[in-house]
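Each of the next two complexes has subunit A plus one more chain, namely subunit B in the first and subunit C in the second.
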Partner chain A sequence: MFDLQSIRPGRRALLLASVFGAIANGAKAQTASPRRGGTMVMLVHPEPSTLAAYAVSAGNIPPVTTQIYEGLLTYDWDLKPAPLLAKSWEISPDGKTITFRLQEGVTFHNGQPFTSADVQYSFMEIAKKVNPNGPVILAELTSIDTPDPLTAVFNLANPAPYLMVSLSANYIPIVCKSVFEGTQPMQNPSANRPIGTGPFKFAEWSRGQFIRLDRNDRYWKPGLPMLNRIIARFIPDASTRSAALEAGEAHYAAYSAVNAADIRRLQANPILDSTTRGYGMTAALTTLEFNTRRPNLAKKEVRQAIAYAIDRQFLVDNVLYGFAKPATGPLSSVFATQGFYTDQVRRFDVPDRIEIANRLMDEAGFPRGADGKRMSLYLEINSFGEQWLRQGEYIKQALAQIGIDLTLRSEDTATWLRRCYTDYDFDINEPFYSAGADPVVGVHRHYVSSAIRRGTTFVNNKDYRNPELDRIMDAATRENDHAKRAELYHQAQQILVEDSPGAWLCEVQYVTIFNRKLHDHTGPLGAYQALDRAWLER
Partner chain B sequence: MPDGLRRFARNRMAVLGAIVIAIIVLVSVLAPFLYPKGAFSLAGQPLQPPSLQFPLGTDALGRDVAAGVAEGARTSLLIGIAAALSAVIFGAMIGGIAGYYRGTVDIVLMRVTEFFQTIPAFLLAMLLVVILSPSLLSVIIAIAAVSWPGIARLVRGEFVALGGREFILASLGLGASGPRIIFRHLLPNCLSAIITVGSLLVATAILLETGLAFLGLGDPNIMSWGLQISAGRVSLRTAWWVCTFPGIAILLTVLSINLVGDGLNEALNPRLRER
Partner chain C sequence: MRRWRYFGYRLLLAVPVIFGILVLNFFLIRLAPGDAASVLAGESGAATPEYTELLRQKFGLDRPMPEQFIAYITAALRFDLGFSFRNDSPVLDLILERLGPTLLLMSTAFTMALALGTLLGLLAAVARNTWRDAAISVATLICYATPGFWLGLMLIVVFSLTLGWLPTSGFENIAEGYEGWERVQDIALHLVMPAMALGLFYLALYTRVMRASMLEQTGMDYVVTARAKGQTETRIMFGHMLRNAFLPVLTMAGVQAGNLIGGSIVVETVFGWPGVGTLAFTALQSRDLNLLLGIFFISACIVVAINLIVELLYVLLDPRIQA
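Right, the complex of A and B next:
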């Protein structure tokens, strides 16, 4: 038996203290305090084909590379620029000069100090030349001056308001000049063994299995990172990925690493939790593109009728499993944060939409034939997965209501892209776009007439030409006054929705699933941001 | 033939198979009358479990699974029979020519046949569908293209075995032409083997078609069991009925065709007649 009386007073006090201490610890576990150490496992799907984030813009690369490379800036929850490698900045009143003061005491993983020469090299030699976003984001950047090692002055030909929202590590990673100098960027040994300034160092890539990142002990932010190691695991099968989370083997899965159909089940699991935060810069839309070269689709009434015929809420509920919301136009409502978005456009979600659609088809001169059909069209099925066939099957049923006989055509990715973006041999296409951080980055190219470029994928393949819209988007590219710029985008949305060169279906809402033991993982850029503060409960 | 029929009827399992196939054929014929709106129409609330209104439940888009199974039966049988028939005709032709003329013709044709046999059938079928772009016709062509070599080798073997027999030599001696000997004497004598193997080919063709549709390589405008299973796979753990019923339909069809094939083999194969 345990008898407190038999223990000497001094000991007794100590014992009691430790018992109470244990109780206090137990209570504290609810709100546990950050703990150093541990290995976090994240699921990335599909496995990246390369880690050359400075030259390839695939969405599955940044979850790994933003741990290693850093950008000049990061962004806060309002998507306003926040310091990272640049500690502060000034923009000249005419918008043509941006001066960045750089963080001191930063070193690359190879021991080289980080200086303004690396910034100059990363932008002028790497990003402008090999980064696919370079031609758009850096179009106005003419040169970078480096008056001292900790100052970089960007000289622009014209104001570029979108530049300041595109300087995070996932767009333009800062690389080490001495590693790249005199080599071909794509053939550089550091393409798949990246060397950056970030909180984690590249350690090992076992193809088909995992990438291992180790703690950067010399990271410039004091006391960070918290984790010892990050493992990015690649599991090709969707249900095995879900099972890995359920079993606690993996701690974190962002973007589409988890099948939408599994999300509800995972959310109900007591060891897991979920968040929809951190996707503010994604602005992903499911859309239809109409080939306006085709006589059937040349009239805007027909295109509007198609937009009216589709019940977007049905797609949200049954194709996207509820992880989406109906779209109103070419700009996602996530741009509301910046004031660019408006829903004051022609609305297709009205109660009598089917009657309106049928009336528009009559007005356009396409009466129903004896068999009730007005016209036959093809829909090119997006080849990037199952959900697009489901969407196509629904659209076929929806368009039958307004007398359009839709035939679905599903081909392999290469044939599909060639048909829609090179041969222009399509009626309706169903692509999926991410607008990026600014409309200039990922929206303009779908609608301006200068982006009718045969052979380039995901640009204006609709042959949509509207001089008024061209003028507005051109002005919005250069407009330095935020309010005026927002007004231009409101006009652009009204024009585009009225002309309907495409139909905008759903704003996809990504969900991050994480283990409850993992804390402080999701920042404003979600999975495209370093996990320097993330920590694991024991 | 009545003799053969009697022998077939003695095989209980084969008769059972024939009855099941008859039911499947009946369902596929009646499908357009039972479900006039078609299997793709959005019939009700998505993912409803089996009920009186929807005896096999509804899928993720609210389509009636029963309508899909009925229409899928038509697709599967149509593709299975068309592909098997084309494979049999083409295979018999190649095998017949090789087996009758022998020599260089034989060597060339058999090397070509072997070439097709060495490529994994399913991969070749996938490749062909991708190249031809998925449609009803391209799926039939692809399945036929991977199924004919077996028939060709079988027919060649039979022809070679029959070629030295007296009745063939007699016809040759009487001055009969090549085609006449092939069609009047050789083919009828190996018809029983062709029918048996051909019936089993229907089953393989249905499985191939289902596999292609499952991988999204079917005609997206035609309902098929493979398409249903691939659509229902994601919700397997929440809505078992979407995959299960088309799966049972495939199982029953393929099993029945195999049973009937065995029955035909016993009924038509002279060597098994004593049993």
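Right, the complex of A and C next:
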């Protein structure tokens, strides 16, 4: 799903949270005691096109479907695996066998008991075949044995260190085998009437208005969920979404649901509060992509000069309203906790960056013309929201300082995607990507040469080919030793920043706005996690 | 009898018009680059070309255009508007589900604009060059110049956030689950602001047209005659002038029924109103061509129907208009 965020960059990126904790952390005084019942209203934007979370990974689907479907695992605040449908697991020393013991007494919403056969089917027949993340996350998974109904043994061809961080419901939901068997997964009736094991059951979808979820009275966690009902409301206009929160009509808005420009105002509202927690697995970046097929951009010096010319702090302060942090390279500093991140790379935020940039342009053989211009380029404006146009306007001015005449081109989503990922008819593109829980999930495909796939969106459209980087990333995919793996990622960041096939602008964090009457709503996975403990004060 | 023959003739004329719209839409819409499969695949992030091709086959986008065209037209003639793959639902169902709210919104806005506009125009004309006339003119000018979406947002700020009288958005309060009469009241409350945002522009327009039209009639011979006959001013106005003065307003209203559908896209988006407008907007963004064509078709039918009604009203108001 994180990929999907790459798709909806606009709205999301807006909501970056201040890395310095400028935002209240939602640590409110818990005076009231938990109360059962009530209907919670959350804002989801845009309205999902489908609820087939097992086959479509758009980022607006999991806030709804993670209430219904559960994954084998969930993650704690350190993003370490925690039990859910699997209550324990063992990984063999060679990393090639993972044995999961499953939770007993779990039933699907249709009354069928949950067994290891459902796990096997969900992975081998559904996730591997129709989930867009399947080919990456499950590349090494060869088979699943089911020695008994409550044991599932995963057999891998090679160690896959990223697998254990990608088993939550937002990546790989566990579906009911008997519902799917003998049908086309994409055409299954449960695509839009999902049947899972989660705390809430699908009740109704009124297109253009809302999705209603009702309490699962037979949920396997005793005493949960607290709420009777969850309503996901869809309001197309950003200002109206903010107004619905201010008026108390909606209780919860995560990710893209409110405009960054509105966040400060909403935070000042006495009935509302905000938190930046729950986004640890997104690791999102705003970036530029350079089409190295273009002779001008084939020169490394030109690409580096562009990276030098941009003042990232300006973007943080003025385009992202302070809810962000300057980026240093292709990995977000969120990965520092795992040791993957390094800032020991070529730094573009030096005081004399404009002089360096101009010198690089001269060296590359692009002297200023009579009008002071060295070259003209196009920037393709990301179609997901106004933020991207603002960013483009700044970049146009920044590049003018080094003699690049930039023209901004705004097109609608379909046209933009086609131009940048199928026709390759672009100079510079300004997309957005989320690394997800592991670089393998969301970062590799932007840079390795095997991911140059015409017609596939959000992959290596830059025609960047570096055998050395390919080798390092390939090794990092299989390396079971954590320290060695971290070292490989440090090397990869140094190579990428030096080559600059793209420029990395800002690290994006998000803000969740919620009504103070709503409690216990934000877990480690934020909006991509079941609201089984959430409760509403009267 | 002749009246009905005229009406039937008009009805017959509508058939080629609608067919022309069908054909034109089909080809125009395909001029836009990108298709539903690429958008859907794009939203999945890392979709493979095989996945995109799979979608394309499923949507029938891989077949030659003439084949797609013939399939579309024959299906449309049976009123089968195809299937929206993105929404996983037949197009007709999707549109019918949304048509009710849109028709409710349009008819409320339209009726309000027409009734109040006529009334205000009349008042302004009667009190020409007084403070009342001036006040109405200023008010209408403001309404006329204000964009609908801004008006909508301001209404939300005033009536929902500041005063707390009306709900900000939506069609009804789902969390409460009202039924029966309570539900009707609830929907009516939700309807107030969208209808105002959509209707005020037209209200202003009709007021101005009505005022001008009334003033034009004042100097007409038949008015002088009526006055010479000794009729009261009230009777002259309501018995004679009103009917004549109303014709230009009606013409305007008929022509603008189409605009009302366009305007409803903006207003529905602002208020989260679950109508055809928002459906059209999302369908366009996601290149859901079947759905978009279906909406164009239904909208065209509505416009043609409204124009027919207007023509019928002409004949009733002014018996001289008969071919």
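Assume the second predicted complex is superposed on the first by the 508 of 538 C-alpha atoms of A that agree within 3 Å, B and C clash if a C-alpha of one lies under 4 Å from a C-alpha of the other, contacts with A are read in each partner's own complex, and residues count from 1 in each chain.
Please note the rule applied: contacts are C-beta pairs under 8 Å (C-beta built on N, C-alpha and C of every residue); 3 or more make two chains touch, one makes a residue touch a chain.
What you are looking at is a predicted structure, and each value in this text was computed from that prediction instead of being measured.
Visitor: Just from the overlay, do subunit B and subunit C fit on subunit A, or is there a clash?
Guide: Here subunit B and subunit C can both sit on subunit A without a clash.
Visitor: For subunit A, which side has the bigger count of touched residues, subunit B or subunit C?
Guide: The larger set of subunit A residues in touch belongs to C.
Visitor: Should A:88 be classified as contacting the first partner (subunit B), the second (subunit C), both, or neither?
Guide: Neither partner.
Visitor: Mind working out whether A:231 is in touch with subunit B, subunit C, both or neither, as first, second, both or neither?
Guide: second
Visitor: Kindly classify A:39 by the partners it touches after superposition: subunit B alone (first), subunit C alone (second), both, or neither?
Guide: second
Visitor: Quick check on the superposed pair: does A:183 touch subunit B, subunit C, both, or neither? Answer first, second, both or neither.
Guide: Once the two structures are laid over each other on A, A:183 reaches no partner at all.
Visitor: Is A:415 touching the first partner subunit B, the second partner subunit C, both, or neither of them?
Guide: both
Visitor: Classify the contacts of A:110 with the two partner chains as first (subunit B alone), second (subunit C alone), both, or neither.
Guide: neither
Visitor: Once the shared chain is lined up, is A:265 touching subunit B (first), subunit C (second), both, or neither of them?
Guide: So A:265 only meets subunit B here.
Visitor: Output check: A:393 vs subunit B and subunit C. Expected answer is one of first, second, both, neither. What do you get?
Guide: First partner only.
Visitor: Can you report the least C-alpha distance between subunit B and subunit C in the superposed arrangement, rounded to whole Å?
Guide: 5
Visitor: Where on subunit A do subunit B and subunit C both make contact?
Guide: Residues 412, 415 of subunit A touch both subunit B and subunit C.
Visitor: Under the touch definition given earlier, write down the residues of subunit B that touch subunit A in their complex.
Guide: Contacts found on subunit B: 40-42, 46, 60-62, 130, 133-134, 216, 220-221, 230-231, 234-235, 237-238.
Visitor: Which bits of subunit C are touching subunit A when the two form their complex?
Guide: Listed in rising order, the residues are 32-35, 38-49, 51-52, 58, 86-89, 94, 97-98, 149, 153, 156-157, 160-161, 164, 167-171, 174-175, 268-272, 274-275, 278-279, 281-282, 284-287.
Visitor: Show which residues of subunit A lie in contact with subunit B when the two form their complex.
Guide: On the subunit A side, the touching residues are 238, 259, 261-262, 264-265, 317-319, 381, 386, 389-390, 392-394, 396-397, 407-412, 415.
Visitor: Please give the residue numbers of subunit A that touch subunit C in the complex, ascending.
Guide: 2-4, 6-8, 39, 41, 46-47, 49-50, 56-58, 132-133, 135-136, 186, 191-192, 206-210, 212, 229, 231, 233-237, 239-240, 243-244, 246-247, 249, 412-415, 417-419, 421-422, 445, 453-459
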